[in-house]
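In the two complexes that follow, subunit A is the common piece, with subunit B as its partner first and subunit C second.
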Partner chain A sequence: MRQFIDSLIFAAVLVGLWQGLHWFAGDIAIASPGVTAERAWQMVGTASFWAHFRETFSALGYALAIAVLGGMTIGLLLGLHRLSGEVAEPILVSLYSLPKITLYPLILLIFGLGMSAKVAFGAIHGIIPIAIFTMGAVKTIAPVYFKTARVLQLTRRQLVTTVVIPAAIPELVSGLRVGFSLTLLGVLIGEMFASQRGLGYLVMNAIGTLDVPTMMAVVLMLALVAVAISATLLYLDRRLHHRAA
Partner chain B sequence: MNRVVWIRTAVVVGFILLLELLCRYGVIGRMTMIPPSEMATHLWRLLQSGRANADIAETLSNVAVAFASAVVGGFVIGSILHSVPRLRRAVDPFLATYYAIPFFAFYPLLVVIFGLNAAPIILIGFLFGVVAMIINTMNGLDRIPRVLIKTARVNGLGPVRTAWLIKLPSAAPQLFTGIKLAIAYSFIGVIAAEFIMSTSGLGYSIAFAFNNFDNRTMYALMLFIITLVTIVNAFFHVWERRIMARRGR
Partner chain C sequence: MAASVVEMSAPRNRGVIRESQGSAASAEIHAEMTGIKRIYPATGGGPGVHALGPVDLKLARGEFYSVVGPSGCGKSTLLDVLAGLSAPTEGHILFEGREVAGKVPPGVGVVFQEDAAFPWLTVEDNIAFGLRRAGTDAAEVERRVAYAIGFMGLKDFRKAYPSQLSGGMRQRVCIARTLVMQPRLILLDEPFGALDAQTRLLMGDELLKLWRETGATVMLITHALDEAAMLSDRIGVMSARPGRLIADIRTDWPRDRDSRIAAEESFGQITSQLWRLLRDESVKAAGMAGAKG
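The block that comes next holds the complex of A and B.
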């Protein structure tokens, strides 16, 4: 409880800092917390905001689905086959740390402007960390589980569905959390460059018209939604790890 | 070189060859992608002509500043949070969800505040890298064995020597993870910020070439960034291995 109050105090300090920056930098640069919240409230009441919101989050949904399915499949295969795992791991890690934004023009050239390019760009951000986490999860499963499976003469398929996936679930949720954040980032970057719809576009459009309150309201709402989803996953993550330990 | 390294090299080379063939035989159209060999020759010409030098220097110096400040700042903040448990518990939920916040949405805001120059670009790189360093610094400090601190006390080491001889080496693996993430994130932050909105730098040049259908320059610069980042990461990877190997003895 005390910890919760401390966190609230810290959040209040952040808002205070924001207000202070507003006083320091003035209306043109930073809208005050009050004005931003008011604008956010106003925007939530308009239909056009929800159209952009749907655009962004449906792109995120598709991208995440591709990233999770693809990443888990790759991770499972590499985790179960030791040699290919050893071969692939450094490649995956270096792909993870590449600035994938440099590949965005390539994706635009392949998919053209629009939804599919955003989905593809989001998916390439998410798929690699999910694959890395899944592979790590499978590799750290206690060998006794595999021995038991062999004694019980499980088929490959039974092994995966009844032993590997359940044992790896806590780590998979951690991977999903990282994958979610990066996929959202990918989709938004995609929208900020060469796009006509979505929340990322809304932010870029607001800077074009120097509409600081709108820009900040969108960023604030994005941050709140992202933090809420991530916090839920984090809660799940900690509970699963706790149970597993 | 062992077998795994050979296979890995073969996989990478095979993939590049496949791309080359697909491009050469028109499976991938020229408007989409040029063959890797052409990217390389064009990059070579670009580097020789010196046209890209200013942009390269600018991006690299931005990355360097963002990286250095993220590492130093992250280390200092991480150490402070580690020594004040109550503050740390209060900040913890914020750190844990930090990377969920889509940072680049803040970039236009930073441009409004600081103007269209290097400051907002460096700041994005810094903001992106610093929290990875904070989290890993705290993890590293958490893992110092109690017995080593006690040994230091028994041997009468002062706080500075304890930090230098005991704490730093014990926390080194996690610190290294933080440093590796900080370098990757500062590259990502700086180049993405340049790409979205700026007037110079490698990210800007790629976006500019894209908008002008100058595929050869675009792919040459992409190849440059990918090669550079891979080399930098490989360098840190090898360095880390060396340190870990020395400790294993």
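The block that comes next holds the complex of A and C.
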């Protein structure tokens, strides 16, 4: 309850700041919270908005599936095999810090315009942090768990499925949180350029036509969805870490 | 109940260990280590670390053997090597007549000092873990787990998660998880090291009860001299690193014993005997640690 009230106060402060900025910058730069909410409400009533919405979130879904499966597989393998992990870690970290927007022309050349490019661009944003988190999670598993597994005569496969993965899950959820937000970022950037559909396209289009309220409304709705998903993952994360402690 | 103490003659340089006269040799040998050495390879140009040995050790079937030694003397390494968890640099290990190499042989159970209860499983599922992975049928799992839960006094906590339990309770879970596998050789690596004094005494009694009822051979690594003196049939004293067995002490306690044995006169004698043997080694170990840090 206390936490809920805190969150409400925080949201109210944000809206207040937003209103302040609106007064400061004026209608051409920032629409007021009221106008934005009104436009958002209007858009939610139209079918075309939901088509764009579906486009973005199905791209996000595919990208996330690729990033999670790929990232976790890479992370598990590298975490379990020490030498490969030591070799791969600096490479992964430098890839992580590489601004992936520079790869976008390449992605477009490979995948062409449309859904697959967006998915690919989202996935390359998410896969590396998820791989890094997974590898870290596996490497920090208490050595005594591995010893116990050996004493209990576990096969390699049983070790991975019944010890390594459950032991790593709290950390994996942390990785998933970071991976989720970066994948969403990737998908949206993908939609902003060379795309005719999706929420990213809507934002760019609104900027092009100087339709500030629409732009802000899309951003607001994206933010709400992202915050909701992130909060769910955070809740899960806390719960899992609490149990592990 | 006279305690017979057999000290090795000048073992320090040659590392020769003789068996104590009598009983162990005449009983059936359950596990045997010969010429065991563990040398950790050099890293970054420094010399390798000679952690252990040479050690020769025979465990008679059904005996309760403890190893005491100063910290860092290689006690845990000795246990890991005997369990097949790490390979010796030199020497051979036999368990029930078969060579132990690179793999923990079936029939060996290990309880570690670290908290090894899986936090994502309930007490019950933790205990059943090994049996389920081995494909034991559900009714048998149920039966053995129920027995172990009763034996270790975990009845009220069967659905609890390890994070809801005290350290002593978590260690009971680990012991129960080992117990249900029905090991014939149980190795314990300072299992009560993280527990308070009273809990240690109680856990010691539980361990004795378990040893009596299962008939298993037990090797306990400990740094607590009174614990070794109270629980064991025979106590091996290890030197500072590289760890070698420098004395072999028989307690001659009856099989049916518990912590009240601490009131016996010979308990005090054994404990002070152990300390006399260990004092120099502990000073050495502490000095080494001081020089290193």
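Quick note on the criterion: the second predicted complex is superposed on the first by the 239 of 245 C-alpha atoms of A that agree within 3 Å, B and C clash if a C-alpha of one lies under 4 Å from a C-alpha of the other, contacts with A are read in each partner's own complex, and residues count from 1 in each chain.
Just so we're on the same page, contacts are C-beta pairs under 8 Å (C-beta built on N, C-alpha and C of every residue); 3 or more make two chains touch, one makes a residue touch a chain.
Just so it is clear, the structure is predicted and the values come from calculations on it, not from any experiment.
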{"item": "Subunit B versus subunit C as contact partner of A:163, first or second or both or neither", "value": "second"}
{"item": "Subunit A residues touched by each partner, larger count belonging to subunit B or subunit C", "value": "B"}
{"item": "Touching partner for A:10 - first (subunit B), second (subunit C), both, neither", "value": "first"}
{"item": "Which superposed partner A:145 touches (first subunit B, second subunit C, both, neither)", "value": "second"}
{"item": "First, second, both or neither for A:153, with subunit B first and subunit C second", "value": "second"}
{"item": "Touching partner for A:23 - first (subunit B), second (subunit C), both, neither", "value": "neither"}
{"item": "Where subunit A meets both subunit C and subunit B, residue numbers", "value": "none"}
{"item": "Touch list for subunit A against partner subunit B, complex", "value": "3, 6-7, 9-11, 25, 28-30, 83, 86-88, 90-91, 93-94, 96-106, 108-110, 177-178, 180-181, 184-185, 188-189, 192-193, 199-200, 203-204, 206-207, 210, 212, 215-216, 218-219, 222-223, 226-227, 229-231, 234"}
{"item": "Residues on subunit A engaged by subunit C in the complex (per definition of touch)", "value": "142-145, 147-148, 150-154, 158, 162-163, 166-167, 169, 242-245"}
{"item": "Footprint of subunit A on subunit C - complex, ascending", "value": "83, 85, 103-104, 106, 108-110, 112, 114-116, 118-121, 129-130, 133-134, 161, 163, 177-178, 181"}
{"item": "In the complex, subunit B residues that touch subunit A", "value": "4, 7-8, 11-12, 31-33, 86-87, 89-94, 96-97, 99-106, 108-109, 111-113, 180-181, 183-184, 187-188, 191-192, 195-197, 203, 206-207, 209-210, 218, 221-222, 225-226, 229-230, 233-234, 237"}
